[in-house]
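In the two complexes that follow, chain A is the common piece, with chain B as its partner first and chain C second.
Showing the complex of A and B:
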């Protein structure tokens, strides 16, 4: 697993190289940013499904920091690389609206380094450090436009995000005070030997609150509907598509399944949080008239699906949850990029002012339709298959109410996206938008790329692709504490 | 300083003491950075002390004078260079076998409690000192001197305050 540190080192290196060189060559930030994400995409494809351990500095665990790669890690790395490549491609033209591309790419790559770090690390404190890198970069990126609304959203996000980080840090302090180690696998072994002490339970509660805040599960969601719409569109796509998943959901399920051990109580909490997020998110979404704010509320709702399915704890449930997580990354990023290209041309996000854009922006309309179909779960798009699996998993786990909620929320999602299509793209073209043009080339390429992914990723349901991509991730979680310990200490 | 301008900064006493102290403070910061692996301190603490010297100069003589010595551009470059240096040390270790590997003195251990006894740790401390010193100074400058204003088109812009450094 020699390639593992590159996932952190390359974006980190370029994040600091770009501000040094970017002042002299104006096109350099674009080139380096895109090359970096493309390189990460190739790298993540090359290690897909391979598990291994990398000891940082040559120090073996539990003394040194380790980087652990298993099926779940490689799946998350791949999805981060895929979305961030599409987003950097999109940024080339979109970020011309803003002033400093140098700073933008620098912060962007820092955020990727943070997310990749959270995903590959096998050390609890290291996880916190990378989580803070990703979070702080995202606070700055939300405020990138420096307008009143953006600064307010960013400040709210910063306060709640810091609160979450404090909870997580406190939880880490409890764990270190009790067990005297920070290595995740070593902690897992010690917890399984000593049973669940009061300190462990306390830490578990703190982690639950902290990571739920980062993942914006209801009732910890207050920052998301402000922060995600206010950011520049590529950043909205990154935040909704990746950040809440990699530093929220991924870190939470990694700790729950591989360190603390999955119990019926945890399962109940996850299912409750999941259903709550699903239902509250979609009901808050349906009344919105701000294009990106509506999408942001749908993020809460869809994250609810993921949490519910993984919370079932059955192999089918975890498979469905991870499948939906991956799908949601793709179609939600696509929808935010669509919203961005509408905002790029119209300068507004208010859906009441739009209408009839399909003749002026055919590519945006077509890709938005694909995204809307995917998120509402219409066959044959990827969202349909993962939602079907989630409902089947609920029925299989004899949790019929959850299945019913999943179906109902899906129907409301469909109606909500019918509204988007109707008010933005169909209907009569308003007089003031007569001269609107289609988005520039690179933005179109990025959107089409994600739309094609939306269609193709439905194929992951077939046994061949499923066994190559999704099943290793499910197995990594199902292996539990024992499997994770054996993997980390395999050398 | 130009006599014709309105006097900026603090009184003559403060300015004189600052003139005497700035050298020793910076020297002390460098000492803390360079002995980080032997005694309490290190890159972060030393960097903060170095930045404090520049903060003191800014307070005593006004922002214009301090920015004449270390410009925003230079501070920003130093900030990035410090971080770059740190990542480069880690990457050199990666090339030599393992990420963050101490590639200098693993093979021939030096006697302990010497300056050159910890391999890459000293270099990493210098990198961190640069990074922390430069970014702390920048944060101070941005909080004290830069204002965000709205221009005619309704866009926000960063400008330098007119009477920089008045307390």
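Showing the complex of A and C:
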């Protein structure tokens, strides 16, 4: 797996190259940024489903740092690369609204490097370092506009994010103090051999709080509805679509399933957090009139679905959860890009001031309709299949209340997105928006690309594509501590 | 005893972050928490009367292993301090910009975002 370090090295190198070269050639940041994400997309397609280990500097585990790739890793890498490619394409025109594209691409690539690092690392402290790289870049990107709201949201996000990181670091200290190693697979082996002590349980609690804060699960969600809408639209798409999943959900489930071992208590906590996020998120979303803020609350709700399904711990539940995670990345990014293109042309996010945009912005309207259908679970879009699987998994695990909540929340989501379509795109065109134009070319391409993905990813439910993409990821989690240890120490 | 003090320091920082209204005091709380965790990490590797973990050719290996302190937490803490410094610089930068916009450090007066 010699290709594995490239996922971190390429974006990290370009993140520092762009500010150096971008000062002379103004178009260079656009070109390099798009080439980098396109390269990562091809690279992640080339290793899809392949598992392997790369020892950094040639030091074998558990002494050196390892990078581990299994089904779940490659799935996450693919989705990160796909969304970030669409987003960089979109940024070419959208970021003309802001002043400094060089700094934007630099921070953007740093964030991608951090997320990819979290996904591929097999070392607990290394995970913390990459998590902080991604977080710091995202704090700066939320504050990118430097207006009142952006700075306020960024400060709030920064304080809570740093709090979460400190908890995670303390958890790491507990783990090192107890077991004397930081390699995830070695830790997994030691925990299963020696049993867990009070310090292990303490560390588990700290990780739960820390990663739940990063993933914005209710009751740790307070920062998300401020931070995600305040960022520039492409960054909102990145944060909601990828960041909360890769450094929140992914890191949490990797630790729970492959290091600590999945117990009924953990399953119970995850299900409770999931249902709570699902219900609270959607109820807070109903009353919103700010386009992007509404979408941000729906992110909390949809992450609740993912957590609930994975928390069931059954093969079907994990499959449904990962499927919904991937789908949510696509349609939520799409919806944020739609909101961005409306904001680009109208200069406002207040839905009460909009109306009748469907004739002026046909592409945005059509793609937004696809996104809205997907998130509220209407067939034949991808959201329908994953929600159906989640409900089936709940019933199969004899958790009927969870299934009922899942159905109810889905209906409320549908009503909420009917409101979006009704007030933004349908109805009478207001006099002041008479001269509004459709979004520029690259922005349209990015939106259409994601909309097509929304339709095509429904096909992942079929046995063939499912076995190629989703099943290896499910197996990686189900393999538990034993499987992860054997993979990391396979050489 | 030392671990208890470390825990107390962590709690002081947490209290500062959660209950203070001045942004600068919140930032100080974050720094104190970070220092408490760093201290905790360093103490994990400490041995009473330990020697620096530098292996020379003439030292006796068994004796060295028994007496030297654990070098890994020191490397971790160095990394952690650098990360903490980066976060601190960004936080202070945002605080200064916020002060320019709102003219106050009081977070109860900085609330344009609602809902």
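Here is the rule we go by: the second predicted complex is superposed on the first by the 491 of 491 C-alpha atoms of A that agree within 3 Å, B and C clash if a C-alpha of one lies under 4 Å from a C-alpha of the other, contacts with A are read in each partner's own complex, and residues count from 1 in each chain.
The rule is short, and it goes like this: a contact is a pair of C-beta atoms (placed from the backbone, for glycine too) under 8 Å apart; a residue touches a chain by one contact, two chains touch by 3 or more.
Keep in mind that this is a model prediction, so the values were computed, not measured.
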{"item": "Superposed partners chain B and chain C on chain A - clash or fit", "value": "fit"}
{"item": "Contacts of A:149 with chain B and chain C, given as first, second, both or neither", "value": "second"}
{"item": "Partner chain(s) touched by A:9 [first = chain B, second = chain C, both, neither]", "value": "first"}
{"item": "Which superposed partner A:55 touches (first chain B, second chain C, both, neither)", "value": "first"}
{"item": "Touching partner for A:290 - first (chain B), second (chain C), both, neither", "value": "second"}
{"item": "Once both complexes are placed on the shared chain, angle at chain A toward chain B and chain C, C-alpha, multiple of 10 degrees", "value": "40"}
{"item": "Partner chain in contact with A:20 - chain B first, chain C second, else both or neither", "value": "first"}
{"item": "Which partner, chain B or chain C, touches more chain A residues", "value": "C"}
{"item": "First, second, both or neither for A:412, with chain B first and chain C second", "value": "neither"}
{"item": "Gap in Å between nearest CA atoms once chain C and chain B share a frame through chain A", "value": "6"}
{"item": "Intersection of chain A interface sets (partners chain B, chain C)", "value": "146-147"}
{"item": "Complex contacts: residues of chain A adjacent to chain B", "value": "5-6, 9, 12-13, 15-17, 19-20, 23, 54-58, 145-147"}
{"item": "Contacting residues of chain B [partner chain A, same complex]", "value": "73, 76-77, 79-81, 83-84, 87-88, 90-91, 93-94, 97-102, 148, 156"}
{"item": "Partner chain A, residues of chain C touching it in the complex", "value": "10, 14, 17, 23, 26, 30, 33-34, 37, 40-41, 44, 72-73, 76, 79-80, 83, 86-87, 90-91, 94-95, 97-98, 101-102, 107, 110-113, 115"}
{"item": "Contact footprint of chain C on chain A as seen in their complex", "value": "125, 129, 132, 136, 139-140, 143, 146-149, 151-155, 158-159, 162-163, 165-166, 169-170, 173, 176-177, 182, 225-226, 230, 284, 287-288, 290, 293"}
